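Below are two complexes that have chain A in common, paired first with chain B and then with chain C.
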Partner chain A sequence: MRVARSKAVGVLAAVVLVALSAIGLRLSDPEEQKFEVINGVVGQPVRVNDGEVSVTQVSVGSVLKQFGQIQDSTDGMFVAIRVTGAATGPRPLELNAARLLSGDVRYEGYQLSSGVSAEPGFQTTTDVVFEVAPALIDDLTLEIGSNEVLHGYQQRVRIMLGITPANAEQWRTAAKGLIEPINNTTRAIP
Partner chain B sequence: MRLLPLRRILFVVAAFAVVLIYLIWWVSYAGIHYTARYTIRSPGASGEVQGTTVRVLSLTRSDQLADAEEGEPDLPYPGAVWVVAELEALRHDPAKEYYCGAQLIGPERRLWSTSSSPTKRAMQSCPLDLVVGQPVRFEAIYMVPARYADQIGGIALSDSSTAARVPVITPPPG
Partner chain C sequence: MVAIFKIDRPEILTRIWAFISGTAWPVLVDVIAQPMLWLAVAALVFGSRVLSLAEVWRKGQPYAERIPGATAFARYREKRAFRRIGPPPTGVRLAAARIQEAFLGDIDDKYLPTLHALRLVLRAGPIFLGSYIFVYNLVIILGNYLDRSINWLFGGHEAQFWVRWEPVFALLQDALVEPVRLCLLAVAFRRCLELFAQRSSVSGPLEVAEPGPQVPAMATAEARS
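On to the complex of A and B.
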């Protein structure tokens, strides 16, 4: 049995071109969303795969005090976000990648400041610290998720911190003073 | 118009089939081997890991961790308790080393890793350089939420270098 070579070659070429286009599109769009976004608000726990995460407090300042000493100061502003992660399920909670988003601007954690993790049945509270540009804080949103290289299904929690264009000036004014983030505290989930 | 021979078409189809079979095999293999599977040993029975036989001598729950040099006892986090496992290990394969992978396993396969404590303990923690043929006793300290302290399944002898079932060992009855 024989089929027309020109037809088969045409079909194969079409398949190859479609595959190349798909690869090209994927490569040219690094910002393509490859995760599920779960939105939350300050003060309300957000459910994720292995537990819950919540933001309970946002504080700002320009001088950073840690371990009883002045550690750093900035011409910008420090933002300390109190995050609690609770491993409510059987697996550990590992939300070890945190960043702040404001429009297209993206801030990574200050120095070693990262996310929050907890073993099963425990909850950990920590202050995640960021250094941001005071002029670029509109709709500042905490994005927190896992840092896994290999994963099948990733979730990222986004919590708007309540800094809007309308009240941004008040936050900038409040950021003139000292900020003292807490160390990690862990307890069993009540 | 030239025609393609059937043999060439079959070859292409076979190549696609081989790739497809490989993908299905890999997904199945990963599903089985990257999810830990456990074998619960009878009470007092030993488990084998990394060329070493390990058994649990006792599993003790406590609200505080005593200091052998009469220092302040170490308290667990609020709502948690200490669980101290006394273990005995006998390394019998000089080609392998025991890396002290021993996690406490609880309900729904909750796993807790060993905790460190600033207290001076009477018994040593797991030594990394076990001498072949010489049994060694040591303790492993865990902190677990109090609500799960009565539901501990045993000690899981984890070894990430193998896909074999993880033995879960428990202390002898009584």
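On to the complex of A and C.
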């Protein structure tokens, strides 16, 4: 009886130790932290890699007009974000992976719409377009970084677009019209 | 019964599968199997006095005892019969050796040592195994936090930076963590042998060739080597 009880205690102790190990491994998992997050706000430039990136305008609509004609329409909502990338350092700025985040929901760029890149000494402004579900736009955040085949611990900029649960309805109402995103415009950094 | 309680069987199966694939399997592989297999590898590397297939076959008896007329105490008639048999022709002996090597060589070289190493680890008892798994994972956790500290210290960079510096950071990390892990494996293996020897001295002579009382000495001496 005593042997059986001590064996049960041993097994219980082993299970507790394994559980503790599992929790420790989960908490320290390096896969959980693959990149450094740099937070920013609309209208303020954020330093990233060899340059700066800023969001200056957010517009919404349900009809997309490009090159003077209607390109597409959606039952959801198009979000066009004006992003400016400036290569202030000696190397080109390549932020070619942009996505929108709303909680656990991730929206990839609409068609070929991706990020922004600029040569040293220049700044490029472009509208990055996303198609989103109107019901899932709370705390919509732009995440922009480099899309490298081989990468280590990267930097990614996250800029909150100002769409909160409180004003989400206003954004949904505003998304009934037409938007006309601009294409890349490049100029020298002043 | 299912209709009364409105049990959604597909939902239950989905949740069970999600638990197995998301929680149970990673715990089994990363937390339990990895340290156990590394200890088994340590047992293979350090050596744990594995029996060969022939020895298993014999079950501890001298080979000569199983052949009538081969021992000094055999009957006269059997001794004469044994002498008449004589050794087999060279060709037959060669062929037999080749066939044995081809069919049974892998068992002696790979499978028996692996099986024996795993058996040695698994029979060490739940408290030892739980403690060993905990300490092993503690070392891995230490390595993970070291990795995080390096990332925090140097921050995010493009691939070019990591291509140049990652080997240096990895070397630094390995230099700190790997010796601890190897020491732990060596200590755990030695303790495994001690536990194995204690158990066999309590429950009677070991299956290993030497008789009972000598086994603990052999086990510890082997661990030292």
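As a convention for this text, the second predicted complex is superposed on the first by the 157 of 190 C-alpha atoms of A that agree within 3 Å, B and C clash if a C-alpha of one lies under 4 Å from a C-alpha of the other, contacts with A are read in each partner's own complex, and residues count from 1 in each chain.
Everything below uses one rule, namely that a contact is a pair of C-beta atoms (placed from the backbone, for glycine too) under 8 Å apart; a residue touches a chain by one contact, two chains touch by 3 or more.
As the structure is a computational prediction, the values presented were derived from the model and not from experiment.
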Contacts of A:121 with chain B and chain C, given as first, second, both or neither: first
Chain A residues touched - chain C or chain B, whichever exceeds: C
Touching partner for A:18 - first (chain B), second (chain C), both, neither: second
Touched partner set for A:41, first chain B, second chain C, both or neither: neither
First, second, both or neither for A:186, with chain B first and chain C second: first
Which superposed partner A:156 touches (first chain B, second chain C, both, neither): second
Set of chain A residues, in rising order, touched by both chain B and chain C: none
Chain A-touching residues of chain B, taken from the complex the two chains share: 1-6, 9, 77-80, 106-113, 144-148
Sites on chain C touched by chain A in the complex: 27, 30-32, 125-127, 129-131, 133-134, 136-138, 140-141, 144-145, 147-148, 151, 154-159, 161-163, 166
Chain C-facing residues of chain A, complex: 7, 10-11, 13-18, 20-22, 24-25, 27-30, 33, 35-36, 38, 49, 146, 148-156
Parts of chain A lying in touch with chain B, wherever the complex brings them together: 1-6, 8, 89-92, 119-122, 186-190
